[in-house]
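Each structure below appears as structure tokens.
Each of the next two complexes has subunit A plus one other chain: subunit B in the first, subunit C in the second.
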Partner chain A sequence: MTAETPSVFRRFALAALILLLVAVALMAVLTSNRDPGTLLNIFTTRFLGIFLEAAPFLLLGALASGLIDSFVRPDDIARLMPRNPAIATVVGAFMGFIFPVCECGVVPVVRRLYTKGLPISVGVTFLLAAPVINPVVLVSTYVAYGFGPVLIGRFVITIVVAIIIGLIFAVAARPRDVLRASTLAMIPPPVVAGGSPEASASDIIPIYTRAPRKPLGVGLRDAMGTAADDFFDMGRYLIIGSMLAAAMQTFIPQEAMATLGSGPVTSVLVMQALAFLLSVCSTVDAFLSLAFVNTFTPGSIMAFLTFGPMVDIKSMLMFAGVFKPRVVAYLIILPFLLTLLIGVWINLNVPL
Partner chain B sequence: MTAVAEHVHDHEHHDHARERRMAWAKTAILIGLGLYFVYNIVSGNLSNYINLRFGWLSYVAAGLFFLMGGFSAYTLIRSRGQHTHAHDHDNHLHPAPSWGMIAIVALPLVLGTLVPSQPLGVEAVSAIDLNAAASQVSNGDATMFTISPENRNVLDWLRVFNQTDDYSTLNNLPVDVIGFVYSEPDFGADQFMTARFTISCCVADANAIGLPVVWANAAALPQGEWVHVRGHMQAGEFRGETTPIVHAETVEVIESPQNPYLYP
Partner chain C sequence: MASADTQLQSARLHIPHFDRVILAVIVVLIGLILLVISMGDRVGVIVHRVVPEGIARSTSPIIIEFSEPMNRESVAARFSTAPNMDGDITWNGSTFIFKPVEAIAPGENVSVLLEKGASSASGRELLHNISFDFTVRTPHVAYLFPANDAPSNIWVADPNNPESAQQLTFSPSGIYDFSVSPDGSMIAFSENNSETGTQDLKLLDLETGGLEQITNCVDSACTNPVWRPDGQMIAYERVELNSDMAQQGVGISPTRVWTLDLSRRPVETRPLFSDLQRLGHSPQWSADGSRIAVYDSAMGAILLYDFTDGSLEAVPSRAGSSGALSPDGTALLYPEIVLTEGAMTHSYLRMVILDDNQVIPITDPPQSTDDARAAWRPDGQQIAVSRRDESLIRGYQIYLLDPENFDARMITDDPRYTNMFFLWDPTGQSLVIHRFPELDENMQPNMNGLPEIWTLNTLTGELIQVAQNAWMPRWLP
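Now for the complex of A and B:
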């Protein structure tokens, strides 16, 4: 669902992941003294375990995104937003509960919202929070981890990080500094409140050009088609990601994994890198992270569950279609640093 | 955006037959995955992969796969001979589907069909550490003590150990557990572990736990074989640690159980 994503990069990323997968498997079979047939069996069981548990959520996520695509117009979201930018920023963090989109669905929606006059900060908060703060992710994280510190931590940290970054943008950024020229050009000419010549950009009342609503039958038909396309688009990331996770769990000796996963800082960096590279949809990444709970620190698991939904290869390429390069860099670096900090803090201060 | 959409449309126009072949392949995979879920539910293989507490989710998945697959087939049949899109997008523009993408999504189906379904066995155990097991099972509560000793499974016993300060209070309690045989080179000749995998969500979080057993013929037991152990508890030394140990009276080789995992 990513018109803006240059397909060359996606192909490259995907090819790199497949190569990595093959390399891990080959290295393992060559160095292990265990029977390759047995290893294949264990690998397959673990991979299918993640897939069978994750598939229902991927389908629900795809269906939700298809229905939103058919029936919710960006105008509807823009109209629901409070006018006060600070309040709107906080509200933006929770919008995902009404419009469940994962990180692949959120960027086009935010772009459309900007063209409807949504404040930059609100869009940024929504962009970062929505992939986690939504009902599908709530349930999938509950299924994976039960009700406890992981579930609560994931939601609280995501909200805090998204709001902090949103507020930074509220203080420091104007649309023309943030958005690419092509996105800016889509913003309708401002209608200034009260016609006062002193009115500033914040007084802009966007004009809601209402796209006509689709009839129910057509809408449902389109939603099903979009959902099926989404399933294939996101499914391949899930499948490659869970194959790599299962391969690491099966082929890399537990002691080596534990060495990699026990450093309070390195473990967090490793899981962040993995989250970034794998680009697994936020609706199902909790299941994938289970492959690492026995060998990696709690802080690193938390960083995987909070940083991954905000930033990965897939969403980075989509950011580049909406924001200026410098802003794309901020949108990667700020969540990276904040989740790294929180992950390391958890490792150092929260007892196992 | 419009330009992109038109481009895609052009592309489809030129390559209509190829597009339709891909659409049919996707439809077949959707229906195939639905059938694969149904097969796992009906055959009971689902318990090899996930905690059955969430088994109902597989019904949801099967239903949604059939819905999407059926819908996709219906659209394809209806549009036969017409040069139309199945749907067009506004916010959603997908990368043009490719055979590579379709092949990746077909992988679970291929592996699920070709590789025989098996639960995790002893080969997947890297090590069982008594203390690691204790920390892993520590979330159990005092209700473990209300289960009568002969009904406790391996997990229940480890939780009881974890909450007992004086192991001698467990002496002579009857034990009746099943598990697979696990032993390492440094075990005594008369020692083995009755091991189980615990899973919370799915096999990705599987964790091996084990109860130490003393049995004269331990060395003759094949690694990984499922056994039914009956005996009594007696505190003793196992790998240099003081721990309650099962002193087996009978060890009987059994078929692997329908549901191989324990759910903490």
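Now for the complex of A and C:
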């Protein structure tokens, strides 16, 4: 597999999604007894509604990402890591408050942090938690749902799932089990990832070289450039996700959706599949999920808001650039099963 | 050789520690998921909202909002009220709506029970009984006040406590006319625009206080909103002012009837008749909402349009009224102008049976009566008529007619008042009446009289004055 392979996959996935969208729309128009022009108007209105509501948060996330890229050095974070692997793993769940990036931006950051000696388990926890545990997503979820069970549940579940998976990696994973050869090659020899059987407590803080800080003007210019790149890069996924969501609302009969969405288990599975397929950035997915609140169960909404940011089509492709293929599979299966378990438990035991 | 094969096989079967841990975790998680599922549903279907609770209107629907789409038969089978009521069940997604066929009597205490076991479309069940109670309040009366000054605004009063009247709208330019939604939750009104001379229709939500403009009558007067009995559509009158063509001598258009579809967002409006040569005013709906009657002044006839088959019938009449459709939609009462001896004209009441177009004269020459307005009691068992019988009493008085034999009984007999307009309350017990004091206490012509709003209990004969200097009364269930 070459370095270009994920990009090819990504393009293929994008093309497949667009084709799926067009096919669904065509089928719906052909089978519906409503005027195609009216359907198109409704679709356009809904698409614009979703996109315009989400775009400011994407812009905010991109700006924050650009500023961090310019002014925060990954080695600063690595130096501040606790020596205890378990505590370090827990800290990893909250690193999103320092690196407020959604799932699109977190993978390159983790990869860079690994090269600076970040423990594997901390990186995995950060990778899974950061798309939700950051101030931008906190604000967007609050704007969408207000302060209540959804906001609290989203953050608590994400932290719990990320820490559990991080601890599993802390107990069992060594860098050579997990990372791709190309990533391993970037790690300097003295560095041993903490939490692995070969690591001692003193190994957690790696030896690294301190990168010089950028001057303010240069940093700001670079930050704006990075922000623009991030915005347009992630904006593509947002546009496609918004179109898919609008298409689902417009062309797929709500009765059929509601029937799927009412089973305590099937609803969670459907929303997990949707989260994976829609691949909408975590900064905006709370607004998308609002469209499903009245038809889907609370547990499935929670699964959508927690599983989607951890794993989706685009992040899966990006994982493949850092981790070995079977580890990518684990990073999909473990969050899937944990959020499924929590979602089903909520549906069957918590009256919301 | 054998040893080498064994080593190779062993290497193939060897699963690294990391993968073994992950696989073990996956197995455990799958086990936990199955365990949670096997422990069963401890929540079941959730009821998010029930309406009404506490105090209700006589026409309030009973609403139960579930957390998910339900098996409708299973809900209907477990739903009951005490006292037992007949009603129509409809669904809006996961929301169950029960509309009693007849309005509930004021003061009635109603208990609602939904027994556990009702199931959802996905098979989940309601695990507990849902029960709630409400008491039906006395219908209130809404009206425009003041009648002798501007701006007029909508007020509402409890007939049992008229001093408690409250102002509902605060329009600086004034309210032109209004009507109350069948369930009493909203008021549609036309508001004057003092700058342009136009009127637009607005919706006032009495539950939330929310106000929404539902027409955009830039160069039109949009007035007289009339609710379809299901509350999903409004018919209204529209006159085009043609201001931009005034220089060419084009005046205002005749009145046409338009409809507003409230079930769509944004609200959609369109002419009732696509043929714009077809005029109409004074729209009124049949009880089931399938028919609408309007008066076409160009034809000199009442037009009856059937939405179900698109048919249009015309009932000739010169009185300019669209009459009164019976609650079952089979008959239409309407006044007709008849020239009598001595070149006198009188307004006589007719009833047309719509199935066979048979016209039954209820009053006819040589009776010296004028029948101006008729209204069916909601159960169709009586007809209220404003009648002037100069041989008996001055002014229009209200009579109750038996629809079988048209025997009439006068229920207002105060010669000082003429009773211009009246409406039955939803329960069919009382009338709200717009009265005008033609004579003063000395039985002399009342030069300073102002219209008044009264209610009349047709069972007890009790008359209550609700407001003075007020007009256009409407029941607020």
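Keep in mind that, in the parts below, the second predicted complex is superposed on the first by the 332 of 352 C-alpha atoms of A that agree within 3 Å, B and C clash if a C-alpha of one lies under 4 Å from a C-alpha of the other, contacts with A are read in each partner's own complex, and residues count from 1 in each chain.
Please note the rule applied: a contact is a pair of C-beta atoms (placed from the backbone, for glycine too) under 8 Å apart; a residue touches a chain by one contact, two chains touch by 3 or more.
The structure displayed is predicted, hence computed values, not measured ones.
Once both complexes are superposed on subunit A, the partners subunit B and subunit C clash.
Shared-chain residue A:Ile42: touches subunit B; no touch with subunit C. Looking at the shared chain after the overlay, A:Leu338 reaches subunit C, while subunit B stays out of its contact range. Legend: residue contacts after superposition of the two complexes on their common chain; A:Ile159 is shown touching neither subunit B nor subunit C.
In the superposed model, A:Gly225 makes contact with subunit B only, not with subunit C. In the superposition on chain A, A:Met243 makes contact with subunit B only, not with subunit C. Of the two partner chains placed around the shared chain by superposition, subunit C is the only one that A:Arg326 touches, whereas subunit B remains out of contact.
When the shared chain is aligned, subunit C comes close enough to touch A:Val171, but subunit B does not. Once the two structures are superposed, subunit B and subunit C can be ranked by residues of subunit A touched, with B on top. After overlaying the two complexes on the shared chain, residue contacts for A:Asn294 are found with subunit B and with subunit C alike. Mapped onto the common chain A, subunit B and subunit C collide along 163-171, the only clashing stretch among 37-45, 109-117, 163-171 or 199-207. When the two complexes are laid over each other on chain A, subunit A has residues 254-255, 294, 352 in contact with both subunit B and subunit C. Listed in rising order, the residues of subunit A touching subunit B in the complex are 1-3, 5, 7, 10, 14, 34-35, 38-42, 44-53, 55-57, 59-60, 63, 65-66, 69, 74, 105, 108-109, 112, 143-146, 211, 221-222, 224-233, 235-236, 239-240, 242-243, 245-246, 249-250, 253-255, 287-288, 290-291, 293-294, 352. If you check the complex, the residues on subunit B that touch subunit A are 1, 4, 26, 30, 33, 37, 40, 46, 48-50, 54, 57-58, 60-61, 64-65, 67-68, 71-72, 75, 86-97, 100-102, 104-105, 107-108, 111-112, 115-120, 123-124, 126-127, 135, 200-207. Those residues of subunit C that touch subunit A in the complex are listed here as 16-19, 21-22, 25-26, 29-30, 32-33, 36-37, 39-43, 46, 67-69, 93-94, 120-124. Per the touch definition, subunit A reaches subunit C in the complex via residues 168, 171-174, 177-178, 254-255, 258-259, 261-267, 294-295, 297, 326, 330, 333-334, 337-338, 340-341, 344-345, 347-352.
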